[in-house]
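Below: one structure in structure tokens.
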Amino acid sequence: MPTDTAPTDAEVACFEAGIKFGSLYHQFAGTPVSPDSAASLESAMEESIENQPHCSAVTVDVLTDELEAELAESTAEYTELTGRFLEVEIVVDYEGCEIVTRMAMEDGYPLMRLESVRDE
Amino acid sequence: MPTDTAPTDAEVACFEAGIKFGSLYHQFAGTPVSPDSAASLESAMEESIENQPHCSAVTVDVLTDELEAELAESTAEYTELTGRFLEVEIVVDYEGCEIVTRMAMEDGYPLMRLESVRDE
Amino acid sequence: MPTDTAPTDAEVACFEAGIKFGSLYHQFAGTPVSPDSAASLESAMEESIENQPHCSAVTVDVLTDELEAELAESTAEYTELTGRFLEVEIVVDYEGCEIVTRMAMEDGYPLMRLESVRDE
Amino acid sequence: MPTDTAPTDAEVACFEAGIKFGSLYHQFAGTPVSPDSAASLESAMEESIENQPHCSAVTVDVLTDELEAELAESTAEYTELTGRFLEVEIVVDYEGCEIVTRMAMEDGYPLMRLESVRDE
């Protein structure tokens, strides 16, 4: 029989980690970006999401090689930020649980994945 | 000694639920909203987030009483969507785990909370 | 010699029309969308931007044929809203000037264009 | 009798300036921000919008005094970016027309205003 339980600290930590990922992606997807402006966007994404509760580290890599490859095929000098230009790692600490999460492309889709759960 | 473990299904389910909440909030915060346009915004928020994987139900309530109270104090006819005008419930199903999450105001802040974890 | 002049009503009207277009695009780009959820998103986009000052009409067409074509080539059941799935017309009225603006794909890019300026 | 005319260069320039303002505001409104993360957000906002066509300069000032005043009244360490924490100037050049636009608070609202139109 299914049982309805109060969430564990590790489950709350995973929920918090998911909030950070969804926030980061949907706040910044669509931002105009070029190889020259990638660095300032990375910093802003990292520092803004690190403000959120229980978020101990955010590392954003805007893939300038991918940006340059896309722009080389067009007359445009910038494009919109989307998952295929991003690699992200977010670490959350909640009540002694450390959660490491990562986003990268897999089979053509940006996948957000729970890497590890460390419960002290 | 802390141990690093692969996430359980319930933990992944909680991570997925967090993604939906962060997505919903940061996609739609800032949208111009009035009592008359609240219903269409509710529907769009619900149906767009329900597209995301493992998301079985999204219920959005834009608090038109709160909107009207805010607009009564100003000359504006609309405002920007933010947490104090929202109540949201999101249900995620992942590998037999059902996660219920809710957002509402608490002590002046919009809090996202994991309500229950049901593991079959 | 260049002269610095106060803006005409028609110029202010064009500025206002541009604000509506930039707002609509950057508020909603990135929203998860599928053929089934396209209609509710169209309504929300129209009604939210019509709240903005001097905005008399917004018509949004989410191109479900284009969505279906993209989804047919993948295993995903939804994608993110972006310019190639959108046709938009926005009409602004400011001090008797009516501005009609339109966004559609041109040479592979979503172009926002000032269609006509009617000054009474 | 009203006449429907093709837009002048100055009118197109004003439309372009409006697009930049709407884009900037609705892309970044809702971003988590604190006094410590304000500088990186300013840079990202400036550089991303400067990517857009005909945009020659964007200057963003996140009002850290206002942020600090708001945070002093609460237990939170960050808030969401919104108009009352922003002053912005955007300059657009289109076919020899230089448009200067500015956003600042007026009577409790963030107003976007066309400052000057210089037609060479």
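The first chain written gets the first letter, and so on, giving A, B, C and D; residue counts start at 1 in each chain.
Keep this in mind: a residue touches a chain if its C-beta (ideal position, glycine included) is under 8 Å from a C-beta of that chain, and two chains touch if they have at least 3 such contacts.
As the structure is a prediction and not an experimental result, all values here were calculated from the model.
When the contact pairs of A-C are matched by residue number against A-D, A-B or B-D, more than half turn up again in B-D.
Note on chain placement: the centre of chain C and the centre of chain D lie 19 Å apart, centres being C-alpha means.
Averaged C-alpha coordinates put the centre of chain B at 26 Å from the centre of chain C.
The set of chain B residues that touch two or more partner chains comprises 23, 25-27, 30. With chains as nodes and touching pairs as edges, the resulting graph is complete, every pair of chains being joined.
Those residues of chain C whose C-beta lies close enough to touch chain B in the complex are 23, 27, 30-34, 36-37, 40-41, 43-52, 77-78. Remark: chain D residues 2-8, 10-12, 14-27, 98-99, 101, 112, 114, 116-120 touch chain C in the complex.
Residues of chain B touching chain D in their complex: 25-26, 29-30, 74-76, 80, 82, 107-109.
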